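Chain naming follows the written order as A, B, C and D, and within any one chain the residues start at number 1.
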Amino acid sequence: MSIAVAQVRRDFLVAFRARADAVHPVAFFALTVVLFGLSMGPDRQAMGELAPGMVWVLALLATMMGTDTLFRRDFEDGTLEQLLLHGRPLFVAVLAKLFAHWCVTGLVLTALSPLAGLMLQVPAEGLPALAGSLALGTPALTLIGAIAAALTVGLGRGGMLAAVIALPLFVPVLIFGAGASLAAASGASPAAEFLWLGALLAAALTLAPFAVGLALRVSQEY
Amino acid sequence: MADPSNEPLLCTRGLACGVNGRTLFEGVELTLSAGDLVEVRGPNGSGKTTLLRCIAGLFTEEAGSVRVRPPERPLYLGHKPGVNPMLSALENIRWYLALEGLSRDADVCRDAVDTVGLGRAGRVPCATLSAGQRRRAALARLVVTEAPLWLLDEPFSALDDAGQDLVRSLIDRHRDAGGAVLCATHEPVGLPDAGRLELPG
Amino acid sequence: MSEFLAMGGHGLYVWLAYGISFAVLAALGLRPIVARRRFLSHARREAHARRDADARRDEQRRGRERREG
Amino acid sequence: MGRFTTWFHRMGSPRWFFDLSRPWLVGFLAVGVTLLGVGTVWGLGFAPPDYQQGDSYRIIYIHVPSAHLAEALYVAMGVAGIVVLVWRMKLADMFIAVTAPVGMAVTGIALLTGAIWGRPTWGAWWVWDARTTSVLVLFFLYLGIVALRQAIPRADQAGRAAAVLAIVGTVNVPIIKYSVDWWLTLHQPASITFTAAPAMPPSMWVPLLINMVGFYALVAAFLVAGLRNEVLLREADAQWVRDWLERAS
């Protein structure tokens, strides 16, 4: 188990040291929320209805931005090939890396979401569901986005390509995430959506790391 | 199964690698036993790096076979340093020790960083080091590793004379301890009884 | 016949849909044929080039043998 | 080795496939063209109009087969992906390379016919109806594979990357379909949805079945033709291709 502990500690240290990188997705999220707030016009009620879906889409885009740089750094400095070389099970290393990365981006977005919700006139009873759905959704988005990022890490300008690949895979998480916050905002119980989000997260947690490990091994040889 | 102790450290049979149908090299027969040093020479694009990466398991061969004596995996020093710029040389070597499954006590790491001549520079993030120093941080692996087979891809690049002597001494120490080294270089390593593998252009 | 074309007033949509679909299917059908023809001409040109090169090399060798002989 | 495994491994060799696939190509083409012709004429000319939608429903005779086939082709790529990664079979890799663009075109047909059909039915060129939306997402899944394959310089690694994405995509297809269906039918405005397939009288669904088989056969012919070209392209400097060229020209 020592490799797992060492890997987790290393990735937390790197994520913490490279927190300047983690500011980009969060800054992007905050900025776009403000832009939406400005451009939506004065009608509070309309904005409140659309806001949950928008906050979710912005969180999705911000996560995608962060995930793409995630593997690129390890690929370019050669630590990724050392990991592959030693035939270590990638499952652990990938999970550790994504968890450290999520703490610095996804978790921050989730914490900011009530503030963003308030700014976009989301009714008060909708805020807990918005934050709750993001708490379950952003890790799933990170895991799924990581597959696309891992497939394109060996290519120079993989960024846009990773987004094109990940977009359709994000659809279920986006639907149930936005659905949960919209349902709560309109007073209905978001229980069904939360159950689905939990199921999607569980599936992503168990399956995605294998796909990411395989994708990293393949993109190593581009 | 042959008795593992006298099985060669590395044995390739009819090894061929290519990219998009264009063959880089073929029919490479290579056997490395304890104490061997083989230089891989050849013009640019002859596939020196590809050969090393193929043996390291980072490149799928087109034909032939590669047999690295288990259980240890080979050490691979490539163009990419394999050192995370956010971490210091010390932190990188701690991580590398865990990668090889060795105990990560502090003085082994400190000793390795000092041996490669980094000293205090070994404790600051590698991003702030010069290319030569970062190369030395990568060389720290050669001090701590227990991998019997070394695959070095142009180990002398970006190193001053002292650095190059350091590499030679590390290779000597490794060969005396029963290890083998496959080294891709443009100029001779300058060590006694080095074998030679010429890859056609 | 004319009311068949009119399709109960929805003629535009029905024929537009079928037109596009069969156009795409025709394109899918032609694509491999064009690719095959391009491959054949390319391969044939290469074969001729190789044959000419061999012929030229034989010519030079016979020339050298006559001079040395 | 058992009979199946020898067949399976021989199937893997592109040359074996090339020599054997000629009759399949002709067969699929003939069946496809005739059935599609019969089904289309029957569906357009002889099937009774729908009591609600009148004649615009006749678009289903091209929309439903193409949407059905688009999804089947994607899942087929997922299966081929497993064969590529597990047995490293070149033919399976070629199958993905050939099927991806064809599948995208077929999904395009399903998307366009779905949108055109939506216009008279729901009064708008694009309606976020569950079926048309899942076809749209499927289109992006295909786009991902085609774009990934083109972006990777090394051919066999492009194949393995596309295989990984095809498998991941195939796992997601049912999840996407369900979530889109749940989201859009749950919040469906009070307009009709045409998802009930066999509630039609035989004179309506028989041509649909004929077109379905015809569509599958015709596209199968395109895939076999594409695969034969891909085999020639990738084995271009092999001796058997040169001999074949002599005989062909």
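Brief remarks follow.
FYI, a contact is a pair of C-beta atoms (placed from the backbone, for glycine too) under 8 Å apart; a residue touches a chain by one contact, two chains touch by 3 or more.
Note that this is a predicted model, so its numbers are computed, not measured.
Taking each chain's centre as the mean of its C-alpha atoms, the one that lies farthest from the centre of chain A is C. With centres set at the average Cα position, the gap from chain A to chain D is 32 Å. Annotation: 37 Å between the Cα-based centres of chain A and chain B.
Taking the mean of the C-alpha atoms as each chain's centre, chain C and chain D sit 23 Å apart. Work out the mean CA point of chain B and of chain D, and you get 48 Å between them. Shown for chain D are the residues in touch with two or more other chains, namely 153-154.
Counting partner chains per residue, chain A shows two or more touched chains at residues 221. Of all possible chain pairs, the ones that touch are A-B, A-D, B-D, C-D. Only residues 2-3, 5-7, 10, 13-14, 17-18, 73-74, 76-79, 81-88, 220-221 of chain A touch chain B when the two sit together in their complex.
The touching residues of chain D, when paired with chain A in their complex, are 85, 137-138, 140-141, 143-144, 147-148, 151-154, 157, 160-161, 164-165, 167-169, 171-172, 175-176, 178-180, 182-183. Interface residues of chain A, counted against chain D in their complex, comprise 147-148, 151-152, 154-155, 158, 161, 164-165, 167-169, 171-172, 175-176, 179, 196, 200, 207, 211, 214-215, 218-219, 221-222. Taken together, the chain C residues at the contact with chain D in this complex read 4, 7-11, 13-14, 16-18, 20-21, 24-25, 27-29, 31-33, 35-36, 39-40, 43-44, 47. Listing the residues of chain B that touch chain A in their complex gives 56-60, 73-74, 76, 78-87, 91, 94-96, 98-101, 104, 125.
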